[in-house]
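Both of the next two complexes hold chain A, though its partner changes from chain B to chain C.
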Partner chain A sequence: MSTITDELLPNRPMRRRKRIRLTPYLFLAPALIWYLIFLVYPMYQSLVISFMRWDGLSADIQFIGVENYRRIFFEDDTARLALRNNVLWTLGTLLIPTTIGLMLAVALDRKLRGRTVLRAIFYGPAVLPLVAVGMIWAWMYNPQFGFINYVLKSIGLGFLARGWLSVYETALPATFLTAVWGGVGFPMVLYLAALQAIPQEQYEAAKMDGANSRQLFWNITLPWLREANVIVFSLAVINSFKTFDLIYTMTYGGPGRSTQVLGTWMYFHAFQYYNAGYGAAIAWVIAAITLVMAIPYIQRMSRD
Partner chain B sequence: MENTMTTQANRDSSASAGQRHKIASMKAEQRFTNTMLYILLSAMAVVWLMPFVIIVLTSVRSMGDLISNGVFAWPREIVLSNFERAWNIGNFSTYFRNSLLLIIFKVPLGIIIASLAAFPLAKMQFRFNNAIFIFFLIGLAIPIHVTLTPLLVMMKQLGIQGTLAALIPPYVVFGLPFQIFVMRGFFRTVPSELLEAARIDGATEWGNFWRILMPLSAPALATLFIIDALATWNELLIALVLISSNDWRTVPVGLLQFQGQFSSQYTQLMAGVLISITPIITLYVFLQRYMVAGLTAGALKE
Partner chain C sequence: MFDRKNLMKLLALTMLVSLLASACVATPPQAAAPAGEQPAAAQPAAGGEQITLRWANIIDATGQEQWKAVVDAFQAKYPNIRVVSESTAGSGAAIYPDVLKTSIASGSPPDLFFMWGGSIAQPFIDAGQVMDLGPYYDKFGWHGKFAPWVVERIKSDGKLYGVPYHALGMGFWYNKTLWNEKGWSVPTTFAEQEELCAKMKEAGMYCVSIGGKFGWHTMRVLDYFLEHHCGPELHDKLNRLEERWDHPCVIDSYATFQKWIDNGWVVPDFLTVSPDDSRFPFFAGEAGLVLEGVWYEGVLKNNEQNIADYDFYLPPTDHTPLRFSAFPEQWMIPSGAAHPDEAALFIDFITSPEVQTQFPINDFANSATIGVNPDCNEWPLTCKWREIILSAEDTYPPTDQAFVKELMDGFFEVQDAIVAKRMTPEEGAALMQRRVEEWQAR
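Our next item is the complex of A and B:
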């Protein structure tokens, strides 16, 4: 009996330790392998391709160094226009849907009748496919029969009616407005969650001290929203630089090339103009921007 | 409990006539603010709902009626043939089938892989735990664009380019970061004693995962399932690049195709759009709480 235990004893802790060391990696293996093969490796390949001249199909691949990147920043006017459009889109997203979302959250945090329905209405467009959203709004903006021009004409502002998506000055703002329609829901929901986490005693105490509602908002509410702000702002920037669906559906980058963004310009080069190398370089510019902008977000998400 | 008591005590001690008057006027002020807010919010809600009203009004009438009476007029006659024609000519049955197939295969696969990875990240101590977690999180910021050309080449080499199968690997990969994040957060709320007790009874980690963690995570899994199904149904860019034949188009790619075909047949176009978003809206009406809760769970930690 005792000999058996003696024989087993030295083995046991070792086997145990070994199991503990390997087990986590066995569970992680499928995700890690999948992630490496279908995300990390393609990213790396894209980086390699971005230093090449390649049509994406043939065996004719030529190393040209940073030429593609030089073209993006110093030669290709459309690429710079696309970058500018992305920056405008980002600034607009940081400002407009975020502010509306915050205002809605503050309003709908109160005990209003029907607030659940109202929240559902404002969040609703966020669950639709952007292709459908784009098609709906392209119809709203239709120059002849669209609802927007219909309203303008019926309230005596017919002179403002135009082909919103086919005029240079209005195409980008009109597309952006569509994004606002679908974009207030997410910040609203996040801010609502953050507002509900604020301890009510703080408000009570401040009210006792005679604070008015504006002071309450600036000195209690806003500081408590800092965490939510990091997430809302980071995602606004990241998603703005990823923009593709709405532009592709509504304007196809036009009129001319006036509404091209990096996402669509990358697509056109890589999959329509057979400039896979140049497309990959544009894609990497997008990735570089979003990865840098995501640092505070990822820090926040990985904190315990 | 303590708070209510303090407020109660304060209220009692300060309930002089002047205070009571002040409270009454504050209440009146609040009622006024609420009314104003209510009017403002309702007006905004009308604006927000208007596009839905417009697509319904557009899709249930004839083209002639639309042109002569304008988009906002009540249809002279309710015409449902637009839906029938859109469904048949627009190939929607194929697109629906493809998107549903994708959801059936892709969503459970992705969630299981993510949950498996989330288990050690949440419940085991090992050297690279945090590094691996951050490695996955970085995926949240990676734009799909930067993987497209190599993915296309890879799928050609695997011989599945152009079919639904080609979409599964990238769809799974782009879902992983968020799902791992949510599941890790959820697993951490499960008491470790539960797992420890099972271990003493001889359960393996594998058994613990399937018999304790996964059943306890049913709410989180359901939420992830809904969010991921939605993302799969809505995804455009990857499908646009990897799918080439009409037989394998998903709903968004199919819609684009449809838009090209029916560019000026507005009534049928909107009927098609309405068909494509009806499943989502139905789902949203019934499962709104889960969808929204999941999104916040992913971004904010409780």
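Our next item is the complex of A and C:
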């Protein structure tokens, strides 16, 4: 009622401004309420649990302060191994699928016959569920009947055939190769969108000035991709620290614990070892590391 | 063109959602209410009140079809009770306990649920989330209804929190037609077992096929070596953590495992091969043995193998009595069940020898109920197993039902390192003892 009254008083601008401030929040309210209930509250809950010793089942919950966090960094060998694997995975993801995605985008941005089909083919793996991808590749890596060893033996490279997922040294790289196969399509599409947004006049002007292909790429294409890079790199970091599906389906963290990552180690503790507090602490470590790694980069890019 | 302002907004939103999602991954459900008082074995709802009984299990689609007749018979007898099956099939013990845990912790448990024995069931007991079924044993006369070793195995602190469902044992399965052709016979000592493996190797075969992905398939072979080298008494003490895991007999067991691998007796590179996939070298005649359970006759049938070609034997341990790996499966009732009396009534019905004889479905072939026998023409090897299982003087549990999961993963970690020869047997035993001490300290 008061807002209607305010509207009838055009000579009172101060009160009118108040009404304008309120309206957006009313529109936001449904989404905000949903967000608070289903995202913020569970987050708060998991943060509280991370300071507890709790089996996730009983009513017996003990406050233990930062003990879970201390254990992650100073006591748990596997957590440190998982963190190292996550860092390696992240570096690999920043380098390999993004580079391949960029190369494919540049190639498929040109007028090629069948480029729509090629785009669909390269993007295809990105829409497959990672669990299905993991199972298919685990079969391909099967030491006895797998496609990869079969091909190697068929082309005279049988000496390279091995249990790719069963050998400690190759298990993580072999799993990562699967991630590359499934992860090239997404950066490719983002780069493709960004490439199509580059004004062609700049290329034409540069060509008239005698620029070669490499100069065009370094001086026009790459600067124009800066904002796409923000999205691609940031999501690469975030998704790398959330890696779970492929490890779970392909190696189950093995052999031994050699392919454990923070995501699987969190799951094992929270759901299989009945250490809900410790699992929640690992989840918060994942979130914190991701935040620390991603935010400064975004800020720097924003300033530019 | 990317508009920078919009792009940054989009990015910020994407980042925020992704980050928050990562923090929410492990958000466990609310703490469960304290376990309620144990209800007396009261009379089930009679007559008028319509009740829906929620029954959590891991029965697959084929099994559900078979169970329908049993459930229909129960519902015909008790028309006021409607049984709703909530199945989490196909995951084995990997996911089902998580599903169960979530439903219990969220305050919406089923009325009864399927569970394995030992350490897989223990967290539910320790958390006070399942009922002591002693009063129902008295009420329904369940004492003496089941194989005694199964009842003993599911007891916790002398109490019965479950009702036996299956009694399952494991042994070496082999292709007897192939063995007859080769002139091989079933070994009766551990030395003969190793001689047989050597003969298989000479014949261009592997001795045993293993799928090591989840650890438990490899564990069965290591358990066998532990039983042989440590003997029944010490093996049981190791399982109860009453003996040190750097004991010489553990070192010998690890050394034997490495010997089997070095000799080429095990299908190589098996550490992350799925247990199901380990059957292919066996079916193809490339491996002579698999260490599997009574259920393997069904697996052979499902894979269109000729049952007449196959047989099994208990792995020779050189100890008396000859123990083999065996474990129970059971039905449990959550403390927070809405209809515990009706759940007990349903359990009584489905475990009764009369019902199981009247409905000879596959799931009753390995029943823990005394007096129930499968059709021996249809299930000859299961019949043979039942005689062994129900009359067994003693058995040993698979280690994954003796240890809690966290400690068990330490066992798997060492086991994998031994298989991959990243550790000597002495180093493996020392690390295993360290894992035990770390776990005990927590």
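To be clear about the criterion, the second predicted complex is superposed on the first by the 266 of 304 C-alpha atoms of A that agree within 3 Å, B and C clash if a C-alpha of one lies under 4 Å from a C-alpha of the other, contacts with A are read in each partner's own complex, and residues count from 1 in each chain.
The working rule: contacts are C-beta pairs under 8 Å (C-beta built on N, C-alpha and C of every residue); 3 or more make two chains touch, one makes a residue touch a chain.
Keep in mind it's a predicted model, so treat the numbers as computed, not measured.
*Asks:* Answer with first, second, both or neither: which of chain B and chain C does A:Ala59 touch in the superposed model?
*Replies:* Once the two structures are laid over each other on A, A:Ala59 reaches chain C alone.
*Asks:* Is A:Leu91 touching the first partner chain B, the second partner chain C, both, or neither of them?
*Replies:* Neither partner.
*Asks:* So, does A:Met250 touch the first partner chain B, the second partner chain C, both, or neither?
*Replies:* Touch status of A:Met250: second partner only.
*Asks:* Contact-wise, after the overlay, does A:Tyr273 reach chain B, chain C, both or neither (first, second, both, neither)?
*Replies:* second
*Asks:* What's your read, chain B or chain C touching more residues of chain A?
*Replies:* In the superposed model, B touches more residues of chain A.
*Asks:* Can A:Thr290 be said to touch chain B (first), chain C (second), both, or neither?
*Replies:* A:Thr290 contacts both chain B and chain C.
*Asks:* May I ask you to decide whether A:Phe145 touches chain B, chain C, both, or neither, giving the answer as first, second, both or neither?
*Replies:* Both partners, chain B and chain C.
*Asks:* Go through the superposed model and pick first if A:Ala31 touches only chain B, second if only chain C, both, or neither.
*Replies:* First partner only.
*Asks:* Would you check which partner chain A:Leu157 touches, where first means chain B only, second means chain C only, and both and neither mean what they say?
*Replies:* A:Leu157: touches no partner chain.
*Asks:* Just chain B (first), just chain C (second), both, or neither: which does A:Ile49 touch?
*Replies:* In the superposed model, A:Ile49 contacts both chain B and chain C.
*Asks:* Taking the two structures together, which residues of chain A meet both chain B and chain C?
*Replies:* On chain A, the overlap between the chain B and chain C contacts is residues 39, 42-43, 45-46, 49, 56, 142, 145, 194, 227-228, 231, 235, 238, 241-242, 244, 263, 266-267, 270-271, 276, 279-280, 282-284, 286-287, 290-291, 294, 298, 302.
*Asks:* Could you list, by residue number, the parts of chain A that touch chain C in their complex?
*Replies:* Within the complex, chain A touches chain C at residues 39-40, 42-43, 45-47, 49, 54-61, 138, 142-145, 162-163, 165-168, 171, 194, 197, 199, 227-228, 230-231, 234-235, 238-239, 241-242, 244, 250-252, 254-257, 263, 266-276, 279-280, 282-284, 286-287, 290-291, 294-295, 298, 302.
*Asks:* Could you list, by residue number, the parts of chain B that touch chain A in their complex?
*Replies:* Chain B residues touching chain A: 3, 7, 10, 34, 37-38, 40-41, 44-45, 48-51, 54-55, 58, 66-67, 70-72, 113-114, 116-117, 119-121, 124, 126, 129-130, 132-154, 169-170, 172-174, 176, 180-181, 205, 209, 230, 233-234, 236-237, 240-241, 251-252, 255-256, 259, 266, 269-270, 273, 276-277, 280-281, 284-285, 288, 291-292, 295-296, 299-300.
*Asks:* For chain C, which residues count as touching chain A in their complex?
*Replies:* Touch list, chain C to chain A: 1-2, 4, 7-8, 10-12, 14-15, 18-34, 97-98, 101, 104-105, 123-124, 126-129, 212-215, 267-274, 277, 280-281, 286, 404-406, 409, 412-413, 416-417, 419-420, 422.
*Asks:* In the complex formed with chain B, which residues of chain A make contact?
*Replies:* 20-21, 23-25, 27-28, 30-32, 34-35, 37-39, 41-43, 45-46, 49, 56, 104, 107-108, 110, 112-113, 118-125, 127-132, 135-137, 139-140, 142, 145-147, 150-151, 181, 186, 189-190, 192-194, 200-201, 204, 208, 227-228, 231, 235, 238, 241-242, 244-245, 248-249, 263, 266-267, 270-271, 276, 279-280, 282-284, 286-287, 290-291, 293-294, 297-298, 301-302
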